[in-house]
Structure formats: structure tokens, C-alpha cells
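Heads up, the next two complexes both have subunit A, just with different partners, subunit B and then subunit C.
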Partner chain A sequence: MSNPLIESLTRAVEAAPGDVPLRLHLAELLVAAGQQDAAITQCAVALQHEPGNVAARALMGRAMAGPDGGTSVTPPPPEGTAAPAAAAPPVGPQPTPPSDPPAYGAPAPDSSPVSFDWTMAESDVSEVAPERMFVAGGDEQATDVPAWDVERTSLTLKDVGGMSQVKDRLTAAFIAPMQNPELRKLYGKSLRGGMLLYGPPGCGKTFIGRAIAGELGAHFINVGLADVLDMYIGASERNVADIFRLARANAPVVVFLDEVDALGQKRSLTRSSGMRTTVNQLLTELDGISGQNEGVFVVGATNQPWDVDPALRRPGRLDRTLLVLPPDQPARESIFRHHLAQRPVEGIDLGWLAKSTDGFSGADIAHVCETASEKALMEGVRTGVIRMIQMKDLKAALAEVRPSTGPWFDSARNVVQFANEDGTYNELRDYMKKNRKL
Partner chain B sequence: MPGAHPAVARAEHLLQLGRPDAALGLLGPDLTQQPDDADLLTCAAYAYLLKEDWGQAAELGRRASAADPDRDRPLRIQASALLRLGQVTDATALAHRAVQMAPDVYNSHLLYAQCLSGIPRSHEHAMAEARRSVELAPREPSAHIGLAQVAYPPEKIISPRRLDVAEQALQRALALDPQNSVAMNELARVRLRRSKRFGAMTGFSDALTADPQNQTALRNTGVVLGGFLKFAHVLILAAMLVSLVALDLDAGVGGRIAQAVVSVGVVGVVVWFVVRVRMAVPRRFQVFLREFARRDRWAVAWAGCLAAAVLLLLGALLLPADARGDADVSALVVVAGGVFCRRMWIVSRRRPRS
Partner chain C sequence: MPGGDGRAGDRAGVEHAALRAESLNSLGRHDQALAVASRALASDPGDSELLIQAAVAHLGLGAPEESRRLLYSAAALDPGSARIHRILSFVALQEGLLAEAVQAGLRAVQLSPFDSLAHAQLARALARQGDRASAVTAAGRAIELAPNSAETHIAMADVLFPDGTRPPKADLARAEEHLGRALQVEPSNAAALNDLARIHLARGHGVRAAGHLASAVRADPMTEVMQRNMDVVFISLVARAHWVLFVMWFVTRQVFREGGGNSPRWVPLVLAVAGLGIIGWVLLRLRAQIPAHLGAFVRGFVRRERVGTLWTACLAATAVLFVASAVAPDSVREGLLLWAWVPLLAGAVLSWVRVGRSRRQR
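Here is the complex of A and B:
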């Protein structure tokens, strides 16, 4: 990709995969730049999000018509003659329901190519798949103007697949004491403070944060700290105060402070006074947790715990840490189930998929599913026969997608080797040793 | 300047937080609307510079300059990118223009100095510019570090006087920012140049404590270890030649005694070296060895051959005289060592990086 504008926009689209207008804008640019294939892919993904989007279809038609926009790739059969048997049927979805409901683990029905109604299929699938209520945790837009939404979530720890160690530690160190006021009274001040989740990107920190809220029956406020800082320069102190005021008004609530490393000590900005006052404001708010912060649970998350301001990790603040590692096999299975539940699939062997994706993050798995459905859709577009997503698409996608956690473990290795004198990262070190990453 | 565009203000802020991808995502839509806006282009160019995408940074910097020729910042961005791409002459011209446009900005002088130090016979000129940048920003560690790097550029052999200048500048930088990992690495580089190998090893290790992600310092520990291997190689080779000659002159007791002295001496020196390095980097010796081995598989083979050579030396000592086959084995090892000499030459030619 040579055009920086297209590249930037591509990144924006990646950051907000659900933003259909943005995607279509990108597709338009791609058409203008003569990159028809890429444009078709973008249109196809847009159609996946909004199967009825007229603009997307029109644009797809234009992209498929080729660079000059004049001739069609498959010329329509001449008037009056019947289309030859081999000719492609029209590309548009046909209102024919699928002959077989999609099933997991079941062998693919040996069906001749059928025209396929995506909307119908999706509603079909949603009935078989109760996981549909899962809210995608990774979908929030990091760069969006934050509005501090107070969410209600139905997610609980039961929805977190696998990761029994993480769940046990969460329950023992956080949820059980928080749920039990007697215990809290008994231990008094020692229960102040929050929890810091850390680990490679895309491995479920935000997801677990939501599950904690659900488990506690609490509201959920998701705060990207980088956004707090970047919103209005100079106003970030007030932002922090606003967030905690909002939180107290909505107690019980889990305040999820994402990217706490943005307040890091090593970043150049920390030395400037503006950042310092924000950190101090946050410390003040956190220290209020014992009294006026009744029912306000603070959970921090970061990919770079080593950049987090040490003051934030002192006792009474984010003093308990929990390492969230790439999902284990049961977790991967449940992540695959979640992502495929919303798509028309057939003959999917979840066990095999989970087994073959060791080291993949939740986000990588989402990417695999996305790529597979793009493949199925593209083939449909090419041949004119729209079909369901099959194992062969997923296998092909698996061959393309590599685990994205590599760079994280590279920097983690340096930290474990050169900045673990006090044993803070022993858990991470042990995991890395066990998995030969050290 | 940032402020005209709300997107630019936020993106600049994201860049300060070290998040160039987020910044580019934010700028993208605005850039499609206003592809010739100098603020947007400059900010995006800087984001690419932080991402180390020099090609894009140079291109967007060029477009930003074209959109508003009166600005120095896009010139600096473009020049930095071109310098990284090895286009020193173009970079120097741009940096010079930036200096003329804003003579009071220390960055411009620093960049110009860096460009000049890549051009033959302009060292004095480069030093003058680097000094000017320190004058303009005496409390800025990066200016002092820049001066040191111009005084002692990597991959160059320089006079001791210039080493002094570099060392003093680095000490000033460290006085301003005691945890500055880059300055620590540079200082260790100066020490290594002065053949203080163990001190240099400690310095690189300290730079890693200050910033575990400092890959340059980590790599430089490998340069030191490679130097040790080279030293051991020469030593062992010499020992073998000496014992061959000694046995040739006197196949009896005298030759064997000479051989014994030489072999035990070699082993002693090697052991002493290992002990000293371990002391220089407490608890990290194995980590550095592992990283060294990970980065350079050849060095592992090399070290293995040297170890085998030492074993053969000792083995020849212990074997009875008639079983030694007239030191044929030793001669073989000398030949093998000669083959590895070439590899040694390649590894030891590496110099510590900035």
C-alpha cells in the first residue's frame, strides 16, 4: 500500500471494525486508487456487518466492474438466450433458507452449492447459540472521544472459557471478599485497593474486567486512561474526578482503568507537571476507596506493567496483580464458539481448532474467524455461489494468521531478565520458562 | 502549530504518550479530507518517524514542507528520516535549511551535526554544530548525548582526545538524568574503546537495568563477549604453536614440561576471564551468554571449537608420549582454528553501537 491516506484509514478501520461508513469510505478510496480487490474485500466485510447496506452493495458492484467502471467482469447473457448452465447466478443474496441448520462438530452436509441468505442464517444461528449475548470486549475504539458510559453487563466468570487459575485467583483475592460484607468488615482496611490485570494484548483483560462487574452484579465503566489524558489537555485532572464521581453515583460499580501504563513514569510526558497532577488526582481518588468509595471497585489493566507508575501499585491502590496469559485450550474453544456463533458455519470442529491455535490470543482467534468468513464470502462473490463458512476456510485462515503475542513476549523477556530483581514477574518468568519463551 | 486542528492536538498528545498507531488512526479521516494540510501532514510524518517507518516519514515530511515551506519541523522530520535511510547528503541539505530557518532550536543544530558527522572531512563543522546545540539547551540530556555521539561516532576509530570530549558530555547528561539508559550505553562504549572491557560490561548491564528494552546495550554485551572469544582464540592458538615447537625441539621431558606450562597457563587465563566477567555483571552472566548465543549461532560453534581445543591441549598432556601420535591432533586443531579465524574476524569486527 503506497498511499499513506489509505494506510491510515485502514488502520482506523482495523481499530473500529464495526464502523461501516468508515469502511465504505476506505473502499471508495481503494476504488479510486485502482485497488479493486482490496475494495471488494472491504465491501464484503461491510456487508457482513450490515447485510442490507445498499451503498455497500452498490460500491461492491462498482469495484467488481473493474478500474474503468464501464465493463462488467461477467458479461450478462445476451437478451433472449438462456444462461448456460455453468454461468454464475447473480451475486446478490437469494431469499432461500439454508437447507440444513449449521451445526458444530457435525460433518458438512454434502450439498450442492446453494444460494444463501445471510440475514436468515444469522437469525437462525442466533437461536442455536445462546452466546450471542456476549459483548465483544475488544471492540471499543481507543481513539474515540470518551463518554464514560455506565454499562450493565450480563457477562460473568462462567462466560470466561478455561483459565481456571485466573478465575480462582480472582475469586479468592477479589470477588469473594467484595461480595461478602461481613468479611470486609472483619478485615477492615486490608480490603481496600484494586486489582491490576496485565498480560499480552488481546488475551481477555477487558473481557475479564466486564466479567468481574457481572459477577459482582455491578455496573461497569470502561475508562481508557490514554483517552483521559489526551482528551482536553489540562483537563485530565477534572476528567479523573468526573469519572469517580460518576462511579460513586452508580455504585456498586467496577471502574475499569485500561492502559494504566499511559500514566507511566518512563514516558517522557510524566516529567511534565501536567501528567504528574493527573497521577496525583488518580491517587487521591483511589485512596478514597475505603470510605466514600463504598461499592466502587477499581480494576486496572495494562500490557506494560513495567511502565506503570510505582505509586499506583502501592498498598491500598492497585496492589494485587493478576497475569492474564494467552487463552488455554478450553478458553480458545469458547472463544471460537463465540466468534463463529454469529456467522453462518457448517461442519466446524471446535476441538481441532482449539488444539491447533496454541499461543493465539483472543484477538488472533477473532482475526482467524474474520479471515475465514472473508474467504468464504470472497469465494462466493467470485463464483457467484454464496456458501457457508467451512473448516477449509478456517484452516486456510490459520495458515495466514500468526500469533500476535510474539513482540509482547520479546519485551517481557527483557523485563524478566533485567528488571525482575524483586521477583514481581516471577509468575510470568515461570510461564515463559515452561513455554520455552525464555 | 497544533491547536488549529482538534485532531492534531489529540494526535500530538498520543504521540507524546508513545502511541503513533492510535495517532495515525485519528489523523487518517481528516487527511483524506484535507490531503494538503501542513499540520496534519507534519503530525502524521512525525508519527511515522516514531514508528521507524522512515520512507513514509520522509514522504509525508516532504509533502508538509511543500504545503507550508516556512516551517522548520517538517524539514527536521524529513531530514531525520533520510538520515536513517542513508541519504546523508539530502538529509544534510534539509537540516541546514532547518537551522537557517530556526537558528535557536537546539534540535535543528543537533540533527545538522549528526548529518555532518556522516560526511567525510566535516568533523570540526559537526562538532561546532553539536556544541551550539548544547549551548542552546544545556539542561537537555539529549543535546549532551548528541555531542558525545558526534565526538565518538560508532563504527569509527578516533583519537583519545575525542574520547575525553565524549566522556565529559555523557557525564553531564547523566548528571541531568541519572537513569538515562542511552547515556549509560554510550559511556560503556567509551570504556570499551579504552580497553576497559569488564567496566564496559558493567556499563552495558547497568544500561539494561535502567531500561530493560535497550536492545543496543544488550547487543553490545555480545560485542564484549565476542572480544573475549577472540582473545581466547589467539591465546589458544599461540599455546598450540608453542607446544608444537617445544615438542619438535625436545620430544623428551623438557618438551613436555613446556607444553604443560603453556596449557595450564591458557586454562588459567580463561578461567580468570570468566570469573572477572561474572564479577562485572553479577547474576547476569548466564543471561548474557544465552543472549549472545541466541543472536550468533556461529559464535556458539566457535566457542565450542575453542573448548575442544583446550581439552585436546590438556588431553595431550595426560596421554603417554607414545600414544600422542606426534601431536597430530594438535596440528589438526590448529588448522580447524585457522578456519574459524575467518569467522572470528567477522564477529570481532563488530563495534559497539550507539
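Here is the complex of A and C:
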């Protein structure tokens, strides 16, 4: 369903993302062409730029009302009536009064107040849902596909909202030397290295790992504990060796070791000899034999750096550490913007939200946005009136969601106070002192 | 044979979950371990390893009853496992079920007579039951089986100096010797350092005990027991200083009062020197033993020990009043000395409150 005018306008909008009238014009055409989803996205972006734009809101309402002007959510019929056409409009603004029967037909006469026909909706989307990967009779877990995907990531540090300190440190300590081969050769710096990212959960360590790979133009291998651990003797070590073999074959590559504390936990804490030999194998692979690791950058991420075997942090291994703290105010604003970008929103005060969410992790903010969406959606289901996500939904969600980083700082306090002789956690200590967490 | 492959896949998943749960338990992340084990148990409720890991997680989360229930289920599934009975003995001991702990310990030893950990656990259970001779024999056997294991030496120390007892000096010396060996094997073994501190505290060497506890906390900052034990050491130091000043004040008031009821000038001077001297000496020695973290321990003490903090404040107020009476003119000297009685008495009352509370907590 390609329309040259729409394609041309889409390119124009991409070239001038801040041009709201142009974007609305495109949205208008998309609605006319029956491409409601794309129209809603355009309207949402327009509303991000100008939350009070009446035309955008009206157009959003039309787009949401569906191709027939109906809605996918049918208003509940008043008591004793069965025909939706006779239903009085519910209280509150309605983007476009439905003139025709709803897209999914009339509600069943015995329907409950919430009369959305989920079965019908699911059958409608079944055509676009992906098919099962394996046909019946095959074992879904048995596959010849390698367990580890070598990815190409287009993310860069520019995609990481806020966190300027983290980005500066990453650039200075890791990325700049790798990106400047001449300087690197001049100073005799090898094209290998490791870094340990640590901080409270949900603050973007994995995202930063991907961004490092993108920034270096390297491949990306994400390794979790589940990819390595194996019950059978020697299998976990073999898995570690396989990962590094794959990495060397795909250099330059960033090997991202998620939950490195579990994978490379202190051997003094490990009762299982299997885990100990796995840590030993990891150390061997990190050292590489005769410079085999050229072009292999290992980035470990952990919430509990104090449980990581000290041997993993010796020079040549994960010898640089970077604290990834909960996002600062600009970062929180970016994260809110990101999570609300594809949703129908109006009148959102991102500045207020960012200011009110001090101590929230990125995951917490995502949860706030999700909760707010649920609230708006459920109200739509209940009343039959589709409406956009508003500040009141986000405020209500904020009242429910508590920052998840508190327990992490409680644990970290013990380490910072009593086990920081070598100054490893000085950065964390300074942050905690500054934020009265110590 | 797809079905067979599927079962193999399920099996691998369960085994993987058990490994993961064990790893999380060993890191002290019992809530996560329980989540992993519970999810896997939903698909395979008959896996004894998963039951063990769930039991360990429950124990770590402070639910020994549930832990014991799961261990009995695991033992029913795998009755020949010495490990299950050993852990069961440990859990029963935590709950104070001494006969059950001994029985499970004996079963573990029968099933695996060359397992040093089983003998060590049996020794602990026997010691708590009061059968000291058998406990020492069991701990000795554990050391014979694994002479280079810190765990067996710590078990012997626990047998010689069980918690809440006052053993003879010879036993304390033997316990100290075994802990020394444990620390030779693992210099930063937090349990051994903690036990060494207990021995020093029993001998009345509070400051030295504080030094060992500081090392234990440094080795394992996440376990709060050592920090609480440091509070006990602080309390014992405050108690000793308080009672010394209390007795000095009482004696000097009774013996050295002049005809008019006033104390001679040198009395407040002696009290002031004693007060400042005791407090200063303790602080200096603590500073020497805990050079880096004294402030952090004191802050923790203030946060956890309200009564202890008040008691310390009373002690400080007493010392201040002694000093004030020593330098004050004769007209107010006696009044200030009398006022010093108030914080001294308040401290005494607080000491009784503290003792009552700790007894209730036990």
C-alpha cells in the first residue's frame, strides 16, 4: 500500500522532525489512507513537541477511532438496551463520536460492563502474529543454531540519555584509545581490554554495553549466566571457551558478560568445584594466549561487584571499573521521552516528571510509564471512551511505584563503609555521601 | 525420539536452575535463589537438588520451618543423601530441635563416614545437646579427615566454646589454637575471626575483640552478625568504664567526706582524671585496633543500640561533671559532684534495661 505522496512526506518529516504542521499533514494523509497505526505514531510525536496542539489531539482521536470512525473498544450498553447505536455517549470528551457500529461488531447482549471482545481481537491479530518457530514433533530446545548471537548494534553513546559523566569516562578510558589507532600505536596500547560496569539494577548497564559496541563499530556478544552454566562436568568451561573462540573469530567484538558476579564469583564463596573451574576458565580466556584477544573487548556488568572474584579485576582483565548510577535529571527526562514516544500522550510535563523521580532507575521509569498506560487503557475499557495518557495517569503511577534502588544502596553501604580499603568504591562512596545515603 | 529429547531438555533446564540457585545461595541472595528454585520446582516438584536449594534459601530468609519441611521431602526422595541429612541437622539446630539435629547428624555420618563436614555438623549438634565428650570426638574425627579445612577447625572451636557458655581457660586456649589454624588456611575467614573475637571478649579483652571483629566485617561486610557483635563489644567497654566510675564515686563519697559533708579538693580531681583516663584509654586503643572504620562502627552502634547510646551518653556526662567539679570553685564543687550521681544512676538503670532486653531476645 505505497503512496508516493506519503513516502515523500515521510522523508520530509524525517528531515525536519520538529515541523509539527508537516507531521500533522502526513498523519492526515495516513488516516485517509487507512494507516491508523502510523498516523497515531505521527500524532504522538507531534504531541511530544506541542502537547497542547488541538489539531494533533483531534487527529489522534480520529486515528484512534479506526478506519470506519468506530473504536476498537465498544462502549458498554446502558441497562436494558442491546444496540450500541442507541447508547448515550459516556461522560467525558470523546475524540470522534462513533457513528457506525464498532469495528468488532455489536457487543453481546449479556456482556459485562467491560465488553471488549478479546477473543475476537486476538483472532484478528493472529494473522500478523509470528508462527511457531518449530513444527510439532520437533524439540523446540534442540537446535543447531549457536547459543550465542553475534550482533551488530547501531546504538552509540549518543543514544544513552544524560549520564554525561559516565559517557565522558567511558570515552576517555576505553573508547577514545580504541577509536584512534595511530595514537594507540604511538603509545603502544593493545587493541584489547576489559571494563566492569557496576551499579544498581535497571540503570542501563546492558544498554551501555551495546552502545560501547556500536561506538567502536564492533560486533556484540551478550553472554548471560544461562548461556554458560551447565550441569555436566566440563561443559560450563567448554561453553566459556566456545564464547571466546566465537569472539576471536568475529573481532573486533565486545563480549558483554551479564551478571559477571555469578559467572565469575569469588572462588572463596564457591562451594561447587564446577563453578571454580568455570571461573578459572574465564580467567584463562580473558588473559588469552599469545595475544589472541586482540580486538576482543570484554565488558562485565554486575549489581554486586563485591562478589566478583578479585582475580577478574587484575590488570589486563576487567581492570577498569565504571559506576553506572541511577539516571540524573536530564537522563530521566530522556528516558520518559523514550518510553512515552510511541504512546498516545497529551500535556506531559517531562521536566516535572524528571524532577519527581530522583533515585528511580531506568527500569523504574519504564514501569511508571507502563503503569500509567495501563491506567489510561483500563479507564478506556471501563468507560468506552478512548483517551490519551495524561499527567494524572503518570502521577497516579508515580504514587504506586517506589524506586527499586534503595535496597541496593543499603547493601552497598556496608561495603563502602567496611571494605573499601583499596578505594575501589570511592566513586560510589562520594555519590552516597553527596546524596545522604551514607 | 522427540519426546525423549524434550525430557532431556526439561532435565537440563531443571539442572541448570539448581546450579543457578546454588550459586545465588552461596552469594547470599536467597530471595533470588528461592525464585529460581520455585519456578523450576513448578515443572519438576520431585527434584531433590531443587528442594535442597529452596530449603537453603528459606533458611537464609529466616524461615527454618519451611526449610525443614522441604528437606524432609528431599530426604524422602533421596534417602541415601548424606548432604540432605547434614543440612537438615543444621536447620534443626537453628530451630533449637537438638534431638532432631543430633539424629540427622548421625544419619549423615552413617551415610557418608568419610565426609568431614558431616562429622563437623554432628559435633556441633552434640555440643549443643550437652554431650561435650562425644562432640569433641566427632570434631576431632572431622579434623582427621580434613586437617587443612578451616571449617573443621572452626567446628572444634565451636564445640570447645559453644555460644552462651563460659568454658574453662584451658578450653578457651584450645579453641583459640584451632581458630589460629583455621586462619592459617583462610586468613580472612569471617567466621573464624568472629569466634576469635568471642574468645577475647570472654577473657575480658574487649578492645582486642573489636580488632578481630573489624577484620571479620571487612572480610564479609554483608553479614550483620559481626556488626552486632561489635555493638556487644562496645557495650561491654561502656559497662566496665561505667561501673569503675560508679564504684570510685561511691567509695570516695563515703570514705573521704570531711566534717561538713564536703569532699576534699583532690577527690573530684581523682574522679576527673579517672573518668577522662578510662574513656581516653579505651578510645585510643579502639582507634589503634580499628584505624579505618571506627566512625562507621560507632554510627552503626548509635543506629542499632538506642539504650547503649543513652548509656554511653550518661558515661560521658558523668566524666564532664567530674571534670567540672574538679575545676569549679568550692561553692559549687560539691553540688556538681552530687549531680554526677544522676547520670551514674541512670547508666546503672539502663544497664539493667539492656540486660533484660538481651535476655528477652534470646
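Methods note: the second predicted complex is superposed on the first by the 268 of 438 C-alpha atoms of A that agree within 3 Å, B and C clash if a C-alpha of one lies under 4 Å from a C-alpha of the other, contacts with A are read in each partner's own complex, and residues count from 1 in each chain.
Just so it is clear, a residue touches a chain if its C-beta (ideal position, glycine included) is under 8 Å from a C-beta of that chain, and two chains touch if they have at least 3 such contacts.
It should be emphasised that the depicted structure is a prediction, and the values quoted were computed from it without experimental measurement.
S.K.: Report for A:37: first if it touches subunit B alone, second if subunit C alone, otherwise both or neither.
M.R.: After superposing on A, A:37 lies clear of both subunit B and subunit C.
S.K.: Who does A:229 touch here: subunit B (first), subunit C (second), both, or neither?
M.R.: both
S.K.: Should A:11 be classified as contacting the first partner (subunit B), the second (subunit C), both, or neither?
M.R.: The first partner, subunit B, only.
S.K.: With the two structures laid over each other on chain A, which partner does A:415 touch: subunit B (first), subunit C (second), both, or neither?
M.R.: Both partners.
S.K.: Quick one: classify A:22 as touching subunit B (first), subunit C (second), both or neither.
M.R.: first
S.K.: Based on the superposed arrangement, let me know which partner A:430 touches: subunit B (first), subunit C (second), both, or neither?
M.R.: Touch status of A:430: no partner.
S.K.: Could you look at A:262 and tell me whether it touches subunit B, subunit C, both or neither (first, second, both, neither)?
M.R.: Once the two structures are laid over each other on A, A:262 reaches both partners.
S.K.: Does any part of subunit A touch subunit B in one structure and subunit C in the other, and if so which residues?
M.R.: Touching subunit B in the first complex and subunit C in the second, residues 142, 226, 229-231, 262, 268-269, 306, 411, 414-415, 417-419 of subunit A appear in both lists.
S.K.: Using the touch rule from the top, collect the residues of subunit A that touch subunit B in their complex.
M.R.: Touch list, subunit A to subunit B: 4-5, 7-9, 11-12, 14-15, 22, 25, 29, 142-143, 226, 229-231, 233, 262, 266-269, 306, 411, 414-415, 417-419.
S.K.: Which part of subunit B faces subunit A closely enough to touch in the complex?
M.R.: Checking each residue of subunit B against subunit A gives 9-10, 13-14, 16-19, 21-22, 24-29, 31-32, 35, 44, 48, 56, 59-60, 208-209, 211-213, 215, 218, 284, 287, 291.
S.K.: State the interface residues of subunit A toward subunit C in the complex, per the touch definition above.
M.R.: It is residues 137-142, 225-226, 229-231, 261-262, 265, 268-272, 274-275, 304, 306-307, 411, 414-415, 417-419, 421 of subunit A that touch subunit C.
S.K.: Which of the residues in subunit C come into contact with subunit A in the complex?
M.R.: It is residues 2, 5-6, 9, 12-13, 15-16, 18-20, 22-24, 26-27, 29, 186, 188, 214, 217-219, 221-222, 227, 292-293, 296 of subunit C that touch subunit A.
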